[in-house]
Amino acid sequence: MSGRVMVGIFQNEDDILSVTSEVRKEGYTILDIYAPYAVHGLDKAIGLQPSRLPWVCFLLGLIGATSKLGFEYWASASDWPLNVGGKPWNSLPAFVPITFEVMVLFAGISTVIAFFIVSRLYPGRRATSVIPGVTDDRFALVLEETDAAFEPSDVRRLLERYGAIEVIERTGESLP
Amino acid sequence: MKSGILTIVLSTGLFFSALYLAARAGTVHIPGNQQDYQPVQPIAYSHRLHAGELQMPCLYCHFSAEKSRHAGIPPASVCMNCHTLVTATFGAVRAEEELATKEQRKPRTLVSPELQKIYDALGLDANRKPDPARTMKPIAWTRVYKLPDFVYFDHRAHVGAGVICQTCHGPVEAMERMRQVPDLSMGWCVNCHRDATKNGVAGKKVYASIDCSTCHY
Amino acid sequence: MSADYKKYWRSLEEYEAGDALDEQAAEEFADTPLREGAEPGRREFLLAAGFTLAGAALTGCGRAPVEKAIPLLRQPEGILPGRSYYYATVCGGCSASCGLLAKGRDGRPIKLEGNPEHPVSRGGLCAVGQASILGLYDSLRLQQPMARGKSASWREVDEEIAKTLDGIRKEKRTVRVLTQTVASPALNSQIRGFLKGFPDARHVVYDVLSASPILDAHRQTHGARVLPRYLFQKANVIASFDADFLGTWISPVEYTSGYSEARAVEATPPRSAWHVQFESRMSLTGTKADRRIKLAPEQIPAALEHLAVRVARKAGSPVLPAAGSPVPLPDEVLDELANRLWEARGRSLVVCGLPGAEAQVLCNFVNHLLGNYGATLDIAAPSYQKQGDDRELTALVDEINAGKVGALFLHGVNPVADLPGGEELAKSLARIPLLVSLSPRLDETSPLARFVCPECDPLETWGDAEPVAGVTAISQPAIRPLGQARPAIESFARWSGNGASAHELVRSFWQESVYPRQAGQEAFEAFWKKSVEAGFARVRPQPMAVKPFDVQAVKPMSAGRSSTGKLALVLYPTPAMPDGRHAYNPWLHELPDPITKATWDNYASLAPATAGRMALQDGDVVRLLISGNAIELPVLIQPGQHEKVVAVALAYGRTVSARFANTGPKWLEQRPTPGPNGMIGANAAPFLLLKDGSVRYWRDDVKVTATGKRRPLAVTQAYSSLTVPKNLDPGGGPRPIVQETTLEALGTGGAKHESEPVMELWPDDHPFTGHRWAMTIDLNACTGCSACVIACQVENNVPVTGRDEVMRNRQMHWIRIDRYYSGPPSDVEVAHQPMMCQHCEHAPCETVCPVLATVHSSEGLNQQIYNRCVGTRYCENNCPYKVRRFNWFEYSRDDRLANLTLNPDVTVRSRGVMEKCSFCVQRIQDAKAEAKLQNRALRDGEIQTACQQTCPARAIVFGDVNDPRSKVAQRMNSGRRYRVLEEINTRPSVGYLKIVRAKKTDTDKEGGARG
Amino acid sequence: MAEVQAVSRPPLILGDKSLTQITSDICSAMLRRPGALWWIGFLFSLTLLAIGATVVTYQVATGIGTWGLNNSVGWAFGITNFVFWIGIGHAGTLISAILFLFRQRWRTSVNRSAEAMTLFAVMCAGVFPLIHMGRPWMGYWIFPYPNFRGPLWMNFRSPLAWDAFAISTYFLISLTFWYVGLIPDLATIRDRAGAGLRRRLFAFFSLGWNGSFRTWQRYEIVYTLLAGLATPLVVSVHTIVSWDFATAVIPGWHATIFPPYFVAGAIFSGMAMVLTLMIVARTVMHLENYITVRHVEVMCKLVILNSSIVALAYGTEFFMAQYSGNPYEQFVFLNRAFGPFAFAYWTMVSCNVLIPQLLWFKRIRTNIAVVFVLSLLINVGMWFERFVIIVTSLHRDFLPSNWASYRPTTIEVATLVGSFGLFFTCFLIFCRILPMIAMAEVKGVVAHERAQRRNRK
């Protein structure tokens, strides 16, 4: 992250989509793209791997459900079996609703927490946008100036060709 | 960067609070738990002396424990079974006797200030005979073992089943002043009942119910 | 004054937290009678009371409040803190004088139970008797004598009375003692002794519920003023002419017990006494009758006469050839009754509650012809339960009004409120030079008295009773007098110049007068001790100068006034409030009337047709007017009542009931308990008629006018039929909640119950291997008398909620008696069904409680754990029987004196928790602990629930259904047994035994046997 | 196919807004000084809330007896309100989660407010189970926590326990879902706001969101997962609420039809409430371009659908009672329609079945004022539906001796009023301090529509 970066600022969803594909084809390293909303198709254009968050969701949901079901059984049938309305100690059907709720709670909350962790979002974190406009109407493409092959003026031209309204160069320190 | 410092300070604080609480977990009581309650009593009665040294059986004084729900605090008349004659500690009496022999006089009757309180309560005169001029004044002991109003504990069932007093009241024979040994929580009761049903009491098979209505009604 | 003993008694076991510092507590205690303790033993114990805990202030620091434990200084033998003890004594609730066992705890009586050994009441006790314990702890009872309206000391009062009496003796002025029936022979003799010294002195006795005509009639027919002892247990056919013998007539507990025995269909041999009731209103007795004949009040004597004529004809007696008045009902009815009575000669019983000796003579005649004297009526050993003489009362009232009485002593009576012409009488009474009232409370009469010399509560003093000849009972105190009231017997002794205590007086009376009548050889001391312990002694009855039946006395009835066609007013006592002396008692006010289910009021009952004709509805206030006297009462429509009748309960509208102004929870929309007159109900006594030496309880020609006002009644049962309203009826007939069978269907063998198929959806994890508690209730025996309701209330610390809460359907009684009507509204059949927690094996309430506050015990109890309850009320919603009761508010426990009735074995529930019948689990636990201590198994019948214990009809049986020899298991196997709502598979532990209806002999009744 | 259809429809967002216009439109709605209308509404709601808070304090201090309940009718107003509010909440989740999964783009204009509505409704609902307890201060016993009682856990067989878990889960998941949706918009506002407290607060809560596409990608996944979890959750919540009644033995409650019936009813009432709120909001907050007539119309169609389901359930209940041959069951339904609470029953039928039929007509659907009135009536009807189910079943059940009536006290009415106060106060505050419309999502929709338009050209 210590290297220099080049930021292309766009105004249009289509432009950012096409420039991304083009830049990737050219072999430049896209450090990140900043957008005001989730642009569809951009993940493909940028070539991101699918997230593993669904696995977190599934596993924690499973853990929540099994541990709750186990607890309910243990508490009702083993730890202190109490005769409730003549129902059997193991009233499995009656244990299902809470099991389900706890599963959803575990899965949901843990997924969000995992998301915050992997995306390093936490309260008080300083926002490090390239330009403030990315939360309004600007799209920013950030390229890393990786090696000698990176020729800033070529890239600048490329970006401008795809409708960049502004191209700036920066040192990477101010970037996430 | 500021927020980073804040985060560090907060989490350190949290960590130490948790550590502190964990360390004190054994001694901190939830509200209502009177464990280790050891109030000062109006008369400095020593269980250690009576039950320990003199080996008096518990049921001698707390005679209703095997007949009633309450073990009861003995009426002053029970104290008088012995303390009509015994009015002071052995040591003090011996010392007085020695002094008297030395001074060649009849030994004086010594009355310990604590026992005097019983005599006062019963309205007795200097010869420990009822004095109609004096009012009887009951002794207000401070209750140590106390259950909430919605719990019914029956001493007779426990004494009858062979549970020895120390099981619940601890080593009373070693206590100078009475102290509440268990926490008297419901879990303490229930787990003892479970254990009694499983392992018996004093080698005898018993059934200690853990139905709610065993204690709550 | 009251504050003084309140302080003292507060420091009993039920300590009040946050009250007084420990020093104060100690001082308080020091100031008790303990210091007087001259004679140790039980008496001292009664003074000082047992294990004492005094509350103290919070010590802070999150610790629980410091609690003081104050033991006795000297412990009386045999009495331990926390252990109940029982003393046999006599009930002071009414003159029937049932045998009691007063249950005491830590120095104070907490519950009254029937004495099962007692030969008259046989272990039962009525609602009034159960509730009478509250009289002891009534904080508004007079604590001290009063002279001219101000508190005085006994010495002053006694001196002044003695001085005045001396003057009267010298001036030879008249002295009168006016009492209700004095059950105590010792007191009677004391009064006789007191009056002996005066030239013109007389003891006048009257009863609010008079039996004077019966006594008068026996004077005519048998030459002696006796009240026969009615032996219902020996009767096979019972005919009652307006005698509510199961509810309020003379000795209801005794009669209910006998009646129940006479109708024990499963006894060997089976009994099923046939009972016909002639009455104009719906009485408790009428609800149980096999044949209830509804007649206007003036027609009932005619019916009796017609019956007499028929029986006389059968007996071949020429005395009564024809009846004067026209027969008011079909011949077949009277023919059948006459036939049945005749067939059951010597095993039948005709009772008559009509006013006037004329009708009673006829009743005696019928009983005589049937040979019932000596069989079902005993006049050789008669009853002394009613001794009132209305003739003498009339004479006394005239004397008083004429200003001829020099001194009048009142004991147990409240003539201003109970007698007609009370206002006039009050003026005359105020003019009597020496008027002394022994009333324990300031009622309508006692404030007029120059001296009020309050007598003790029966539980505070020694006394005796002889309810029926040959059964003498001793009433012993269960507590030292709480105030400075003095037993009546002591007062009369003091005024006769005798300073002895009640104990000495009763004892010496027994030595002189009772001991000689006993058969045994033992010394007096042993006899006395034995009698005190048992509560009664069987002795030789006093010889009665009874002559053989005098046929000359029988005369045809003077032609009864033919019906005017106008409404008649019938004044009656209710089983809950038979006598205004109990008007202080909130339990009795809140007890739903067994028939109308109304509480906290009296009302004008009208037949549905009558109300319809007058366009009146429940709760419309009407004005009742007879010759200048008027009262306003709300209307209650009473099915089964005669169309020409307005019925109003007596004993209401008493000044002592003004105390209920603050009864009930206080909140924004609370409505007061007393009525617009500031009292509970209105007094109907002014409508009574004291005429021809007899009190008439009905008046013809009452004017009923609507006032346009409304006062909705606090009724605990809003819907009274098992058939749903017609417009909402999906068909299918009445709901099988109360089931009935007929004698024929029952057969003779006592069919066994067929076991139901058991369907299980899930594994049965809950075998009940040890005890399994269950209850059976015999609906055939249950009379609906409601004694169980009060017994349960006392035993289980059930609070009084006040009228407004009852109106909101929030009464707290754990056991209620559902009353269902069937058949046409003009002539209904009635079923009583006690309903309490059914302790279902598959309890719907348990499943829905989120916090496990109600779960099943291993012995089949549905446990309710108050301290765990958070009050979601889900259990209550899901209870098909709706027997759970919720503490909507912190129901008042302000009266700390009344709190002494609280049972220390039962938790006092706080606001926001659910409660319900526990099958008296405290009694189960106590019996189990006791059996364990004695190293033996529990015996069947050892555990009696409070409702079972008090039931005069023995309708309730409780026990271990897993023990096949237990009574409850046997009754569960009865062919009559069914369970309520069996079809929803809740599997209740309560089994009901079907009502047995006698075979219908006519077709005019609808609603056949169900189930 | 879907594309073609979408094209032929009028645009979801009117006025051909540019992205930055959207930002400023929505932000300015909340940054502007509130108008008189808002203040009037806010003060009114606050008054209602104050009334509610007062009576609840009084009730908790005095006893639940201050409600008109009795020995037979243990639940009435309180639980009616609870079910009513829970039902309201369901529409919010439906819009945000279910319609998200179905890729219904029109939801973007209303989902933020609908989710907020869910939260506030669940808050209102959650108050009632707590305050209806006899001892609310012991309410925590309803959860299993380690204790010194043996330990004594709780009854997992009780539908009320299920309720407690369902509602807490529902609230937490809804809150999370709503918050996750808010993060990008919070960042937008943060970047527009100058220095000061507002910026600091938004900076804190936006968690340092910078619009990075890596985050956006995970965000989309998380959002989809949450939507996927919330969908069965919302169904489960009202199913469990319906089990409060369906698992009981009381005739009129004990019915297997309850879960679908309740869920449909919940969405029905919720949609009506969304309509009410949106119509008010678009007027008060000047968002006519974002919440268009087309939005209203779509929601009206959902209302008709749910009304029909509810009507079917009403009919089925009667049929099942008749068909069961169970006289207790049959009686309960006759009693509902013709007994003492017939007025409540017929109010329910009129408002829930008859009146919504008007929405079949496009002229009515597109008349905002009429729709507003209808939506209010439906809310009234749905409140009565719960009242009818609860009270008519309880007041006359098995034993005729138990039959009783029920009359609400002023305390109960004031508590209901107070719950509306709480709801609207929260909602109005929400309108002021947070973006009412999901800017990031609307931008996506606008860009999408613009792209389609361009493609067409």
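Order of writing sets the labels: A, B, C and D. Residues in every chain begin at 1.
As a convention for this text, a contact is a pair of C-beta atoms (placed from the backbone, for glycine too) under 8 Å apart; a residue touches a chain by one contact, two chains touch by 3 or more.
Just so you know, these numbers come straight off a predicted model, no measurement behind them.
A.B. asks: What is the chain whose Cα centroid lies farthest from the Cα centroid of chain B?
C.D. replies: Farthest by centroid: A.
A.B. asks: Can you check which chain pair, B-D or B-C, has more C-beta pairs in contact?
C.D. replies: Top pair by contacting C-beta pairs is B-C.
A.B. asks: If you average the CA atoms of chain B and of chain D, how far apart do the two points sit, in angstrom?
C.D. replies: Comparing mean C-alpha positions, chain D is 59 Å from chain B.
A.B. asks: Which whole number of Å gives the spacing of the CA centres of chain B and chain C?
C.D. replies: 47
A.B. asks: With centres defined as the mean C-alpha position, give me the chain A-chain B separation in Å.
C.D. replies: Averaging C-alpha atoms per chain gives centres 65 Å apart.
A.B. asks: Indicate the whole-number Å distance between the mean C-alpha point of chain A and the mean C-alpha point of chain C.
C.D. replies: About 80 Å, centre to centre.
A.B. asks: Among the residues of chain C, which ones contact at least 2 other chains?
C.D. replies: Residue numbers touching two or more other chains: 844, 847, 849, 852, 855, 857-858, 868.
A.B. asks: Would you mind listing the residues of chain B that make contact with two or more other chains?
C.D. replies: Residues 190, 210.
A.B. asks: Do you know which chain D residues sit against two or more other chains?
C.D. replies: 150-155, 157, 159, 161
A.B. asks: What residues on chain A touch chain D, complex-wise?
C.D. replies: Per the stated touch rule, the residues are 13-14, 32-40, 42-43, 46, 48, 50-51, 53-54, 57, 61, 71-72, 75-76, 79-80, 82, 84-85, 87, 91, 94-95, 97-98, 100-102, 104-105, 107-109, 111-112, 115-116, 118-129, 132-137, 140, 176.
A.B. asks: Spell out the part of chain A that touches chain C in their complex, as residue ranges.
C.D. replies: 81-89, 91
A.B. asks: Please output the residues of chain D touching chain C within their complex, sorted ascending.
C.D. replies: Against chain C, the touching part of chain D is residues 58, 62-66, 68-72, 74-75, 129, 132-136, 138-139, 141-142, 152-155, 157-161, 164, 244, 247-250, 322, 327-328, 330-331, 334-335, 338-339, 394, 396-405, 409-411.
A.B. asks: Tell me, which parts of chain B touch chain D in their complex?
C.D. replies: So the residues of chain B in touch with chain D come to 30, 33, 183, 185-188, 190-191, 210.
A.B. asks: Could you pull out which chain C residues touch chain D in their complex?
C.D. replies: 665, 667-669, 717-722, 724-725, 727-732, 735, 737, 805, 808-811, 816, 818-820, 833, 835, 844, 847-852, 855, 868-874, 876-878, 880-882, 884-890, 911-914, 980-981, 984, 986
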